[in-house]
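Okay, so here's the structure we're looking at.
Chain IDs A, B, C and D follow the sequence of writing; residue 1 opens each chain.
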Amino acid sequence: MKRRVGIVGVGQTHHRSKNTDCNGQELISIAVKMALENAELTMADIDAIVIGNMDHFESINYVDMWSVDGSGGYMKPIMKVTTGGTTGSAIGHAGFYHAASGLFDTVLVIGWEQNSESDTTAAISTCFDPITEREYSAGAIGPLAAHYIAYMSKYAATEEDAALVSVRDHNNAALYNPYAHLRQTIAVEDVMRSAYISYPIKLLDMCPRTDGACAVIFASEKKARKITERPAWILGVGDCHILVHLADGIGLANLPSLEIAAREAYEMAGITDPFNQIDVAELYIPASTAGVSWMEALGLCEEGGGPRLIRSGVTNMGGKLPINPSGGVLATNPIGATGLLRIGEAALQVMGKAEKKQVEGAKVAVATGFGGCFWSDVTVLSSLPGLD
Amino acid sequence: MEKVGIIGVAQTKYQRYNPASHAESAYEVTSKSLEDAGLTIDDIDNTITVCNDFWDGRTISSMTITEATGSHKSPTTNVEGDGTYGALMGLMRLLSGLHEITLVVAQSKISEGIPSVITNAIFDPIYERMLGLDAINSAALQMRSYMSKYGVTEEQCAKVSVKNHKNAKANPYAHLAMDITVEDVLKSRVLADPIKLLDTSPISDGACAIIMARERTAKRKHGKPIWIKGVGHCADAYHLGDRDLAEVDALASAAKRAYKMAGIRSPLKQVHVAEVYDAFSYMELMWMEGLGLCGRGKAGAMVDSGLTEMGGALPINPSGGVLSAHAVQVAGLARIAETVLQLRGEAGDRQVDGASTALAHGIEGACGQGHCVFILGK
Amino acid sequence: MEQGKEAIKPLSVKYIADMPYKYHAGYYYSRFLRELRDNKRIVGVKCPKCGKVYVPPRIVCRDCFVKMEDFVPVSDKGTLLAFTVTNFSYVDTTIGEPKKIPFTAAFIKLDGADSNIVHRLEETDEKKIKAGMRLQAVFSDNRTGDYFHDIDHFRIIKDM
Amino acid sequence: MSVQSEELGNTGTLIYPSRIKLPYTWHVGKVGSRFYQEIKDNGKIWGIKCSKCEWVFVPPRETCPRCYCDMSEWVELSDTGTLLTYTVTRYAVPGIQPLEPPFALGIIKLDGASTGLVHLLGEIDLNDISVGLRVKAVFREVREGNYLDIKYFKPVRA
């Protein structure tokens, strides 16, 4: 018998490029306190905690242990999960499994990062194999750029299509999300005029680095129903960590890990027609170019249909399938929290608590995580306990 | 709790400077555990890896062993912590009913880094880290605190080291198997008093894997599944000064949870063999107390009585324990693997006769801030 | 100290974390590094089942999950798949000092290999680099068992 | 610059020596900054008290780890306290140790605090330290706003 799990509370910090007035534990506690308040719970109600970040970004070993002053983990079960960019979604899934196992009823999940405490690019470079990759690997931008070059030539996609994604996400953040890091409205020309980082990806196509934290509370069905009338039920989870050598990510057609993870999550959730069944999506896209091409992997359009979908405006607020009402990763990227923010924002949507960024009548949401070496996690959430 | 059985285990030999890379040793235990379970990688429907970015010297260190464990082929979680936490994550995936068979792999190459530099990073960078604290001198603060509060002696701690290194002689995987005397321990070089060289665990490279399955699958796939009867984990306060270092509250809480699940009321009577995380000799004594095997401060006397030796009423660390092989992250999972061998009756010369209930234990952070306790049974 | 006194200036603690690691190359990378150093030869390893050749060599075939033991030489020439010219400096964590820029990270498929490698391309003018270009490894004279040094860089093969 | 790979004994495998070396700037936070500022400016050690469990924490922090409620009541602590435990580190670890070994560390319960403060012990005979010893903070002349602004704790002679 599978157990239902619902999200009952979501909290996050005001994300910023540099949080000088709080330390890591305090940053975490801001998100945790907000999540508890959101769920009308106290720390005493929490049965277990899952936390995640990237060790070398803050140079703290055993963050689960270090965190207890901020996470509330004193004399509680707590564990750490970390998988790079997918950390946030992976801890979300770990929180789900904590509750779905029947071992814990109410589970607090925390993702956080104080990126300003180190040199983010340098810290990221340490994820590459020290003997055969690290010296010349500064991040995933090369493969991402290569992928979009191939995609443009195959499907007549353009740099403007990517710019549309960037504009959508930045403007959603500016207009609707008071917690977002970058909150300035931009136009396609601004993106097109920004400098190339790695052709065809330009400065305004890329995600920033952010200090911030997110906390999400998962609960077993019985507890969830007691806590709130409208939890965000987790209908499906999927994850796929497909590669380990960055260079092998190059020849990939689209993002196979996302296809696999989505297939798993959809199957579990009973989603057969994603475009029509999903009301809102919070997607982890590290660059706007991925916002064009990865919709295919999620089954939101046919092969090569990304540009059509983006140009049509259906993914904008007010469209049939708004993507990233929160502004997504292009506006806010506290790495260990980023994937969890997607789950948290998607949960707020189906709980009807997304405030200004609310998509009217949203019942089914999908959230994704991206990171590691072209890895993906997918979560399907709904205000309904099941789709059938 | 629904029944989950362990149907495959494998370990490498623990040694300083294992020439195999992270991936190579991860592959060794992955393929051996599959063999032990009579499975192929295609039978595995989810994988838990256990990695730590500091010990492994790499961000997203799970990438190092993703392919070698086959975790790219199925859903996966990477737990950063002791191997017992990885096993717990795998257990939760199975209990959710969404998966049938979980592979859990932990590996480490402690000899690559400088342990004191890596454990220094456990301490708060804005406060205590600047003091040069590491795993050894922080443990020394705890050992002194424990001895001073309860009158436990250095000799009693040394007896643990003597017992475990001797037990290791019957364990082909052990790193440091040897006959030593209490006097040898007491006369060994003082590192951070009261901790002496022979009170400490070695720097070991190694890997361990276990395969778990839900009840029906476990029974179908394996003749002798070993069942997980109970599990509990818990964390104490972070700053060393916030804790009474002589106390074991978090372990007591984790054990209480595990015992309750397993229906254990009198652990000393009901548990037949225990593998605990004795990173330092004194820790075995403290953990005995936290596990409720004796009263507070009474572990020294219990060791004096010989009860925890091979042939005693409750042998502790027949494998030689962590004192005889300390591959961080792996060590807790190795405790589980060892108890599985005990319960199967396949522990060779280190077999505890008639063992049907066993306890495996892992720790997390400095001075046993976090604990995870597993109860296993036939 | 007054209670509730005006917020004071937030402080920070600065520290250089310096963690040496003696990474073990293991059996597969050791063979790879040794062949580069001693013979100026790039070797991969071939899957006995699907025949794919992986460079750098590794123990297990990603697709077949079988142990690979058949080391095979691959060409020192290959095709450029993608590249990034890095123009911003960041800390080179292997020395703790700013990285020398610009440098071009090239993702290359060597002839005879089924997986890709990353190395430095000599050319740093983006306009002169195109995916699909043919490249050749340029070896150092004084080789030390360091992939990033024993192959000093890749150069563009001008006349094909 | 090249890395010289080393032989790993006679195993036929190589070692590739490298490092992860990175500068960090950790934000101390409001509460911690006030703690350090008071030490720096006035040579005084302050703790913070939880209104619920009444524990006084040092170093102070925003949230009580035990009750998970905000704390705001600052409490000035004595610069003198009692040694709860100690050790003398007799091995060298390049890069992380504040002093040449051997050096002494202890956990000190300052008068007025509920928690212990881990710190160095100085002006002390390394072979004559005992639990229960009364010790007093010695501050550095030039203070930078970090943990080592307290130079060490020294024994109080009765």
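The rule is short, and it goes like this: a contact is a pair of C-beta atoms (placed from the backbone, for glycine too) under 8 Å apart; a residue touches a chain by one contact, two chains touch by 3 or more.
Being a predicted model, the structure only gives us computed values, none of them experimental.
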(request) Count the C-beta pairs in contact for A-C and for B-C, then report the pair with the higher count. (result) A-C
(message) From the mean C-alpha coordinate of chain A to that of chain C, what's the distance rounded to whole Å?
(response) 29
(message) What's the distance between the Cα centroids of chain A and chain D, rounded to whole Å?
(response) 37
(message) As a quick test, compute the distance in whole Å between the mean CA positions of chain C and chain D.
(response) 40
(request) Among the residues of chain A, pick out those that touch two or more other chains and give their numbers. (result) 20-21, 23, 56, 58-59, 68-69, 74, 119, 122-123, 126, 130-131, 134, 243
(message) Which positions in chain B are in touch with at least two other chains?
(response) 17, 19, 54, 57, 67, 72, 114, 117-118, 121, 125-126, 129-130, 237-239
(message) Using the touch definition from the top, which residues of chain D touch two or more other chains?
(response) 8, 12-13, 16, 18, 20, 22-30, 32, 65-66, 95, 146-147
(request) Counting only chain pairs that touch, give me the topology of the graph as line, ring, star, complete or other. (result) complete
(message) Help me check something: in the complex, which residues belonging to chain B touch chain A?
(response) 1-2, 52-54, 57-60, 62-64, 66-67, 71-72, 75-81, 85, 88-89, 91-98, 118-119, 121-122, 124-126, 231-239, 249-250, 253-254, 257, 364-366, 369-370
(message) Looking at the complex, which residues from chain A come into contact with chain D?
(response) 19-26, 29, 42-43, 56, 58-59, 68-70, 72, 74, 114, 116-119, 122-123, 126, 130-131, 134
(request) Over in the complex, which chain D residues touch chain A? Could you list them? (result) 16, 18, 20, 22-32, 61-63, 65-66, 68
(message) Show me the residue ranges of chain D that touch chain C in the complex, using the header's touch definition.
(response) 1-6, 8, 12-30, 32-34, 36-38, 42, 44, 46, 72-74, 76, 95, 145-147
(message) Touching residues of chain A toward chain C in the complex: what are they?
(response) 20-21, 59, 119, 121-123, 125-126, 130-138, 141-143, 145-146, 149, 196, 198-199, 243, 245-248, 250-251
